[in-house]
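So that you can tell them apart, the chains are marked A, B, C and D in the order they are listed, and the count of residues begins at 1 in each.
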Amino acid sequence: MSVAGSDFAVRVEGLEKSFGHWPVLWDLDLTLDWGQLLVLFGANAVGKTTLLRILSTQARPDAGTLSVAGYDPVRTPNAVRRRIGVVGHQTCLYDDLTCRENLVYYGRLFGLTDIPRRVDEAISRVSLGHRADQRVRTLSNGMQKRASIARAILHRPPLLLLDEPEAGLDQESTVMLQGLLKEWAESGGAAIMTTHNVDLGLAWGETGKIGVLADGKVQVQEPGRYANVAEFRQVLSSSLVTRQRN
Amino acid sequence: MAETRQTELAHADSRESVTPLGPVRRSRDLRVYLVVLGGVMMLADLSFIFWVAPTDSILGDIQRVFYFHVPIAVMSFLAFFVVFVASIVYLVTRSPAWDRLAQASAEVGVVFVTLALITGVIWARPIWGVWWTWEPRLTTTLILWLIYVAYLMVRAYAANPNQGARYSAVVGIVGFVDVPIVYYSVIWWRSIHPSPVVGPLAQANALEGTMAAVLLFSFITFLILFVFLVAQRMALRETEDRLGGIKSAMRRRAESVF
Amino acid sequence: MVLVWKDILLEVRSRELVISVLVFGLLVAVVFNFALDVTPQRVTAIAPGILWVAFAFAATMAMSRAFVREREQGGLEGLLLSPVSRDAIFLGKALTNLLFMLLVEMVLLPVFAVLFGFSAMSFTLIGTIVLATLGFSLVGTLFSAIAAQTRSREIMLPVLFFPVILPVIIGAVEASTRAIGGETTVGLGRWLPLLAVFDALFLVICPWVFSFVVEE
Amino acid sequence: MAGQPGRPVPADEEYRRMPLVLLQNAVPSCNLSYLAAAFMVSWVVFFVYVFFVSRKQQDMSREITQLRDALEQPGAGDGD
């Protein structure tokens, strides 16, 4: 995994983004080191997805300096795209192709060499081997999600961006994903994931950082600041309540 | 507490106009000046059209529509050229000022081209005996109208204003590039489908001196009217943006601090 | 190109796009046949018009279907997340649309020829179809990308598409009239270059502006 | 653009002579009403457009002032 050439996995300063006159993010600063996992909490419509979309070159920031895996997503989007793996709300897989065909297609889009072996690796990593040659349409939601994760790790990106990956995953798959992320961090990669699930986020965040996205910015939380786990949970839960906006 | 909010609002406000009232007032002065000048010239133009310009020996009084119709049509063309240029500059620089110009000019352009069509139709009736003929310039004008109505629709139906600005800029560029091709294709098409109706215009023979002078004056009058309308529309858009800026600053404040 | 390969594979699997567009094209032919009462004497005058109306409507339908398919599971999103230049993405999609439309037209054309009784075997006619369909797919791909992101997208594509594509329709109808009527090639020297100029112009502009369309 | 003189178009060439004959059959005296209609329509459209733009402008300006006033009153500025 090549992480050379950049000190930070993600570095964001003074990020601003609004849709028309609807401000979503403002004065957002964020730093993530290699080998770190950031779990991001936040209520609905608070800008979690928007933040991930900006980091993954899918949306253009209004202001601020960004460095994702060492590159500027606005100026050199393709360099960033090569180095990130994204799991979004949608699977980005075609229903009428098999898992394997989908992965081969993405492998070719990324210009990978040795595609068949990589595809096999990715498929076995998400334990989907027995279903790899079925059409995506015939798979359950959880399995589609797993295939989507396989797609994201296919080109072995140092940085993973996961938007509510727990949605639709069963217990077993969640454990699989947790193991995968841990492995990712241990081998020097980094990951940002958003979640609604306090228990899950707390468990996953144990090894990394926990942040809360609210009020247009990310506030990194240190569990040590709070008296006990219960209080911390309370704080995190309250951050998930959607506020009434005018 | 309220005071800090207010300074923040002033800040949000002043991002649009560096000294809060200066440019706004100046642009309003400019618009007042334009509308007065335009009004006076329009009255003069009307009197020239009715009393100075000679009655056309063949067409009669209806020919006087011409002094309105042609400048309006030409201004709409100018408007779409402005949209074209502003759209390119906007896509390259992403400066909202150019998007405002493009939007204002497109809207005024649609008003002008609508009028060009209406006056054209009114003129065609007594002269050609029909309201409409698929004559090249009429047809091109109609296509132009359709393209720029689509432009305004894209802007209105976009998911958010930023997207609307980009999409409509794309339509503004593609649409304008298309116009010459439409024009030539329609001319060639027309030339092999002679219509039973009389073709274009009788006055291809050179305009008489006075007529030309009145027409020129009419052009200048409509140019001023056009600039005024665009300035007025841009001012509206600026107010919209300022209001939006204030609202968004208030929303930021309203987010309770975690 | 990978994109084309993927789309063709998808189509082979589902077969929904080509079939539905074909049926639609045939319907247009049949309806026009009754609406205009095509008699043998008027075939040359009317058939090219019907042919191109059918093709143009089929094209809008094919393009909008193609983009809906990209959006369903976020395929477009995945495509945009890969390190492929936006120009290449645009050209790939336009090429796929071109191939699908040509396929549909190659089936429709003989059917039209039989229904209206003209000879379809003419190199000028085929050349016209290729040039005009290229124009359709360039403009159509760009506008369907725009329309797919806006509200009331079913109406936006035709509203954007038809005014801009008008010169192609005129040119194609005129060129086909000559090809079908078997008249002299007078006038062809004008229409085919017109189509070519249109294609060349939009081949340059569309990929450039496409990058702005898919920016967000 | 429609009906613009002095810019002859190739296609028009062949018709140019014919219209003069036909047009002389038309009676120019009765077309003043069309003239009036054309001018009226132009003016009405311009005024309606300017009216709508200005009215919207005023509405928004008023809203801005209202927001300002609301904020100036202490304690009343909770952003709606």
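What we mean here is this: a residue touches a chain if its C-beta (ideal position, glycine included) is under 8 Å from a C-beta of that chain, and two chains touch if they have at least 3 such contacts.
Keep in mind it's a predicted model, so treat the numbers as computed, not measured.
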item: Chain located farthest away, centre of chain B as origin (C-alpha); value: A
item: For chain B paired with chain D, centre-to-centre distance based on mean C-alpha positions, whole Å; value: 9
item: Centre-to-centre distance between chain D and chain A (centres being mean Cα positions), rounded to whole Å; value: 53
item: CA centroid of chain C to CA centroid of chain D, Å; value: 37
item: Separation of chain B from chain C, taking each centre as the mean of its C-alpha atoms, in whole Å; value: 32
item: Junction residues of chain C, two or more chains touched; value: 215-216
item: Two or more partner chains touched - positions in chain D; value: 79-80
item: Junction residues of chain B - those touching two or more other chains; value: 159, 162, 188, 243, 247, 250-251, 254
item: Contacting chain pairs - touch in the sense defined above; value: A-B, A-C, B-C, B-D
item: Touch list for chain B against partner chain A, complex; value: 159-162, 241, 243-245, 247-248, 250-252, 254-258
item: Residue ranges of chain C touching chain A (in the complex, touch as defined); value: 2, 5-6, 9-10, 13-14, 72-75, 77-85, 215-216
item: Residue ranges of chain B touching chain C (in the complex, touch as defined); value: 91, 143, 146-147, 149-150, 153-154, 157-159, 162-163, 166-167, 169-171, 173-175, 177-178, 181-182, 184-186, 188-189, 192
item: Residues of chain D that touch chain B when the two form their complex; value: 1-6, 8-12, 14-16, 18-20, 22-24, 26, 28-32, 34-35, 37-39, 41-42, 45-46, 49-50, 53-54, 56-57, 60-61, 63-64, 67-68, 71-80
item: In the complex with chain B, residue positions of chain A that touch it; value: 18-23, 26, 212, 214-216, 219, 239, 243, 245-246
